[in-house]
Amino acid sequence: MNWRISLINGPNLNMLGIREPEIYGKSSLADIEKEIKILAQQQGAEIDFFQSNHEGKIVDYIQEARGHFNCILINAGALSHYSIAIHDALKAVNIPVVEIHLSNIYARESFRQQSLISPLAVGGVFGFGVLSYKMAFLAACEFLAAGQKGKE
Amino acid sequence: MNWRISLINGPNLNMLGIREPEIYGKSSLADIEKEIKILAQQQGAEIDFFQSNHEGKIVDYIQEARGHFNCILINAGALSHYSIAIHDALKAVNIPVVEIHLSNIYARESFRQQSLISPLAVGGVFGFGVLSYKMAFLAACEFLAAGQKGKE
Amino acid sequence: MNWRISLINGPNLNMLGIREPEIYGKSSLADIEKEIKILAQQQGAEIDFFQSNHEGKIVDYIQEARGHFNCILINAGALSHYSIAIHDALKAVNIPVVEIHLSNIYARESFRQQSLISPLAVGGVFGFGVLSYKMAFLAACEFLAAGQKGKE
Amino acid sequence: MNWRISLINGPNLNMLGIREPEIYGKSSLADIEKEIKILAQQQGAEIDFFQSNHEGKIVDYIQEARGHFNCILINAGALSHYSIAIHDALKAVNIPVVEIHLSNIYARESFRQQSLISPLAVGGVFGFGVLSYKMAFLAACEFLAAGQKGKE
Amino acid sequence: MNWRISLINGPNLNMLGIREPEIYGKSSLADIEKEIKILAQQQGAEIDFFQSNHEGKIVDYIQEARGHFNCILINAGALSHYSIAIHDALKAVNIPVVEIHLSNIYARESFRQQSLISPLAVGGVFGFGVLSYKMAFLAACEFLAAGQKGKE
Amino acid sequence: MNWRISLINGPNLNMLGIREPEIYGKSSLADIEKEIKILAQQQGAEIDFFQSNHEGKIVDYIQEARGHFNCILINAGALSHYSIAIHDALKAVNIPVVEIHLSNIYARESFRQQSLISPLAVGGVFGFGVLSYKMAFLAACEFLAAGQKGKE
Amino acid sequence: MNWRISLINGPNLNMLGIREPEIYGKSSLADIEKEIKILAQQQGAEIDFFQSNHEGKIVDYIQEARGHFNCILINAGALSHYSIAIHDALKAVNIPVVEIHLSNIYARESFRQQSLISPLAVGGVFGFGVLSYKMAFLAACEFLAAGQKGKE
Amino acid sequence: MNWRISLINGPNLNMLGIREPEIYGKSSLADIEKEIKILAQQQGAEIDFFQSNHEGKIVDYIQEARGHFNCILINAGALSHYSIAIHDALKAVNIPVVEIHLSNIYARESFRQQSLISPLAVGGVFGFGVLSYKMAFLAACEFLAAGQKGKE
Amino acid sequence: MNWRISLINGPNLNMLGIREPEIYGKSSLADIEKEIKILAQQQGAEIDFFQSNHEGKIVDYIQEARGHFNCILINAGALSHYSIAIHDALKAVNIPVVEIHLSNIYARESFRQQSLISPLAVGGVFGFGVLSYKMAFLAACEFLAAGQKGKE
Amino acid sequence: MNWRISLINGPNLNMLGIREPEIYGKSSLADIEKEIKILAQQQGAEIDFFQSNHEGKIVDYIQEARGHFNCILINAGALSHYSIAIHDALKAVNIPVVEIHLSNIYARESFRQQSLISPLAVGGVFGFGVLSYKMAFLAACEFLAAGQKGKE
Amino acid sequence: MNWRISLINGPNLNMLGIREPEIYGKSSLADIEKEIKILAQQQGAEIDFFQSNHEGKIVDYIQEARGHFNCILINAGALSHYSIAIHDALKAVNIPVVEIHLSNIYARESFRQQSLISPLAVGGVFGFGVLSYKMAFLAACEFLAAGQKGKE
Amino acid sequence: MNWRISLINGPNLNMLGIREPEIYGKSSLADIEKEIKILAQQQGAEIDFFQSNHEGKIVDYIQEARGHFNCILINAGALSHYSIAIHDALKAVNIPVVEIHLSNIYARESFRQQSLISPLAVGGVFGFGVLSYKMAFLAACEFLAAGQKGKE
């Protein structure tokens, strides 16, 4: 179906491929977006990409997403762990949210083991590197197809 | 008297009326600002409005407020709970601060029950919805009229 | 309108003007009650004052308030921080509650930074000294006028 | 046998039937006392009822209970959770104590999940509404009949 | 009435009479079951007994209880304090639960002072030794008779 | 490729469709296994299913899995949160692990918000109901295809 | 010199000699007051005794003590550990406070190891039984004689 | 002398030699049991070996150990850290317990640094690999020889 | 009577009069010892003084005190808060201990609010400056005279 | 040598000289940058200055610093204590980091006593006011000269 | 073989036989050292004994041990629980460490349940009284014989 | 100018060059002192060196430093983290203190991440190895030259 899906990436995810490749893998964000674009075409879905290192810009973008997207995929990076503002923005626009993490955040520093996005997400995928994005995208499509509503 | 007062609103408060109306009420931020403007005219005070989803812009604005305002009214929204930078900016400009919350933050998630702005405010009003703003504005006027200095 | 409003003051608030005036200000409780009385007359409201150093008497009073008042304004003083009995009494009578604190309790000892009354209040005002009472009274009147129900 | 048993109720239990009936049920305290009186007559026991919203009066009453009762049944209500004074009074008179709670305190707010009375009780009954009182009364009679000494 | 009631005992309760008699009393589990059987006959209820030292077997048993019993009485022993699996099984079968403890768990080691079963029980009885079982059985019968639904 | 994959389900997952369907959905475990079987056939993979309510049997099964499977998919249910024995078994057999949760465990009780399996998993999927299983299966296949080694 | 000194005893201290004599000793409160009276006469001081089981009455008494006493000796008993109201009353009247405990509160239950009175006392004596009172009285006299001001 | 000693091994200890050999060493459990058997013959003691991955079976075994053994040597593996049921079983049978750990549990994950078996053991040996077992066996023999009673 | 009493002072107490006189007062340790000497002569007691900045020397001294003294008065200064070795030494020699603090340690930094000596002291005196020593000395004499044994 | 060094200042450091001069001193940021410029010329190093109140801009700047600088000196101000995004950016660019604080953060509010930058810095200087910057600059030069690699 | 082994005892272990014999047993330190000497002769090992109540002397001794011993046996007594200096000294000399405790420290006060020596020890023996020393000595000999390196 | 400066090193710093060189570097303490001596000569300052493994000797030394030095540089090593006695001694002598750490203590074990010396230091330098000493010395000279008073 013709779902409109947004993929948001938070701070430092524009550094993928460069930043700690032993943790985050060798693909760049452009590589990931290309792979998701292909999947979107296969699914007949529209996809919109957004990346920012600025919490405020992410909040602005989410607010504007209201009414334009059927689902938000988000890897908020470091901001996952402390941005109540992004948490609030996602709640305010009332669009199903799917959470993504490249790395297994539960096997890292204690401050990375809690996400403020998890509690309001439909679901999430973590730890599979680029695969996390692909799985999350497919899950979003199936979720939308099933006409399920987000479980908050 | 001719007080110059600033009213700052933080992230997602531009979504008022849309965002979780059962918690935040149905008035938009424009509605609130209109009500405060009327009150200001009644009190013979000047009022300046500022809203941003960006912590950095709020810090910039507060810094520039120095010497221009007699009092800052602030509902920092989600940033109330983790922005040490806004806390520091408010301390740096040394203007009396009045804290506002639309909802009763003490009856919500535990991460919303502590505010980094409270300890440096003259006082605050919470839980009355739009009325919180009006009460805070009136309190600020009376506080200034009484020539009281901020109790930090 | 002809609201019936009760103003309850807890332990040591009868010492106002004497007790630590640098924190609590120079007005006596009688001064405050006089100011609130004038406001009440302006608003066409009835006001009833009660002060006690005894938790049990405050509980008794709240229980008897049932059916007699449209709103309870309460500054429970020290008891705000540990009296589950007053919390329960306020819940039991099901009257909207407005919380008042003279001082900014969030800028004081850690044991004063949590109130058992906040979670069940419609809203509250803190830190403005005598002004806290006046603002709380006005907020109560506007709240009742708006026919809003308490958000618990 | 001719046991003399005291039933103490703490703050707000005189509001039963009125206060949050979805938690505490529809019976009034008078209804409960009537039911217990009938049970007492069936068991050939004397029963004495006491209710107060005042911690101090409950302490006074417990002190006077010394030598007059074989067992104290107590639902200290909100005071269960913070009154070390009642804890001490119960210890001082050295009479077996049976604890009662109408509601399931372990399924409610965290501040209600610890009781200062539990550690010194013979045993307790919680969560069954009025039935909690009846079960506690029967348990007390059987406990006394068995000549068991309180396990502190 | 013809209630079908199940009584489940967890690990080491088959050691009653042998295990720390100063805490758990001198009656064996067979003694207790005999007493409950008599009570059941008096009440015209069917009773089914189950004891296991195996968490998994208790979970199996609870699952099979679905549709067969009107009420589950459970003293999960040590497993009360850490078995989320039993908690989940009890929730899954949706039968009213009554919690039993022989000893006063609130007067013992800190790791015994929290029960994962309490929050989902209708109510519970603790500390009366064998009497805890009898009171719990009677409470269950009265609870069922009153057609009350479990308060979770 | 001809991967051999094992899917382990822990306690109460045999109750799916019956147990709290508003949280866990309406599909039975057999339904899920059927869906995964179809996916496996599409991927040319072998799949082995195991469910138990017994921690010990799950540990036995995992130990025997050594050398027989290329990947373990596991939804350990309640045991995820406290079974160090399963954690140790998974570590001992040194097979890549993919974690699955039907519900969003981060939006539920605090004791469900930490998993002892997460830190040693390659990655995981949570919150999508049956979809969580399918995504996890696909992720496992792609992960194996990519010849990636488990990131522990 | 002609000091006026007040000795306040909190809940259950009227039970001395009866209550747990292995902890609190065999002397009654009357015995203690007699001993202190003799000491007072030796020192040429006036002494006033007050005991209550009611927090509110102790607060009332302390408030009235203002201007009448040079020093307050207080053993607030159980209330030492949670009565912020007594803490506030002592602060409000601004009279030097000497804290007394019969038992060694630091060797007892954890909830008895913190006193809300200690931080505002000049000093204190604990653990010596009746002797604690005598030493505290002598310390108060010497403290007053030395014209030292309370170190708060 | 002719002591009867039991050696219990918990979950995953049957994987010794295979499981993380850099932590647990290269000897299999059979190797260890062979070494202990030799020591037992040298000491003229009977030895009984038991290993299970099932908490329930270990509890069953301990209960049956009552009256048959003079000492229990136990390495409960992962269950050391959360099985209150095993703790209770060991207490119930009242046989001296010697605790064994292959690895230095105090130098590993925080959840492995506390043992529920330690507080009721006579003593223990940790960190020496296979040697831990031998030392524990010798300690048990000497302990029994000395006729010392378990210090609980 | 002819009691032999030891007065031990810990680190930095040799700096009295110099060190933070607003907290510790203007008297030197020599002044204090002189005052105590006079009191000792009045009481017919022998007094031995010891001060060291070295934890080890204090432990040595306490060990040697065994059999030579009827009572130890100790102000261990900073070591009160972390020296388990001094705690153990005092326990080992089994002589009644009286604890002294010049300042009110409960009104200072949180790390000074717990003493490892308090739990094993007969009793203690804090906050009275030099007077703390005198009161402690008198309390010790009366305590010994009363033939009371240390309450540990 | 010709090192290229960057000096980053976080929120409110542009207020230096104005903001709480009793804590932060009287020099403006321009004064500090002038002093560092002189030092840089003496050392033959290039220096680049950047200040922002925006977390996002600091993250952008750090990302762009990759490959252009030999060392980053950073006083992230308030963001030191909560910005995981800056922490991640500094890790991603893999340039040695030297941390600077004007004030002694360990002697201030508890929320300022932990820095997320410290764990990944080579080293740091705190508390010396403007001198902190100069010392940090010199340390960076010597560190680079010594060809030492950052100890992370 | 000709191992050179050092046995270090910390504060108050020179009081063995005198100090709390119900916890520490009746043997003196000389008795223990005699027993170890005999064992050493049997094993053909050299043994060096050191005891001190002074943390500093133990640190000095450990530093001098460098290059002279193959293994350090240490019962640091009270210092086990807080001396980071001894921890550091043991790390600095890089000699295998075996930890000894006479009593079962895990069954005593909470401040004795953590040891700063455990994390860096090869292994340890606790709770067996004098036997702990003998087992530790034998373990050390076997450990050295096996040419095993310390597992830190 | 002719400043007199003292450099104190705590336990195990005499092992520098030997102890964990990957953390602490290869220079010996003598090397460091030589470098500081040269710097001192360049600055026209007198320098005094002191190292001890004994807390008590460091306290003695600090006390004697009173009146002889203008500044104390101190790397208290392990004692930084628990010696309240050294904290008190430094406060007592009222000389500006500069704290030094060779390693980055904030990137190590949690027990090394808090220093009792930091809160009373003028400032500090950490993580630069030997360079930390040189920077601290220069900072001290500049600090003294500027006639700045210690900010405590």
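Going in written order, the chains are labelled A, B, C, D, E, F, G, H, I, J, K and L, and every chain counts its residues from 1.
Just so it is clear, a contact is a pair of C-beta atoms (placed from the backbone, for glycine too) under 8 Å apart; a residue touches a chain by one contact, two chains touch by 3 or more.
No experiment lies behind these values; they were computed from the predicted model shown.
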Where chain C and chain F overlap in contact partners, by chain label: none
Equivalent-chain rotation between chain K and chain F, CA atoms, steps of 5 degrees: 120
Distance between the centres, which are taken as Cα means, of chain G and chain E, whole angstrom: 49
Whole-Å gap between the CA centroids of chain I and chain K: 32
Of all residues in chain A, the ones touching two or more other chains: 54-57, 82
Pairs of chains found to touch, sorted by chain label: A-B, A-F, A-J, B-C, B-J, C-D, C-G, D-E, D-G, E-F, E-H, F-H, G-I, H-K, I-K, I-L, J-L, K-L
Residues of chain F that touch chain A when the two form their complex: 103-104, 106-107, 115, 118-129, 131-132, 134-135, 138-139, 142-143, 146, 148, 151-152
In the complex with chain G, residue positions of chain C that touch it: 10-12, 14-15, 18-20, 52-57, 77-79, 81-82, 111-112
Contacting residues of chain G [partner chain C, same complex]: 54-57, 59-60, 63, 66, 82-85, 87-89, 91-93, 116
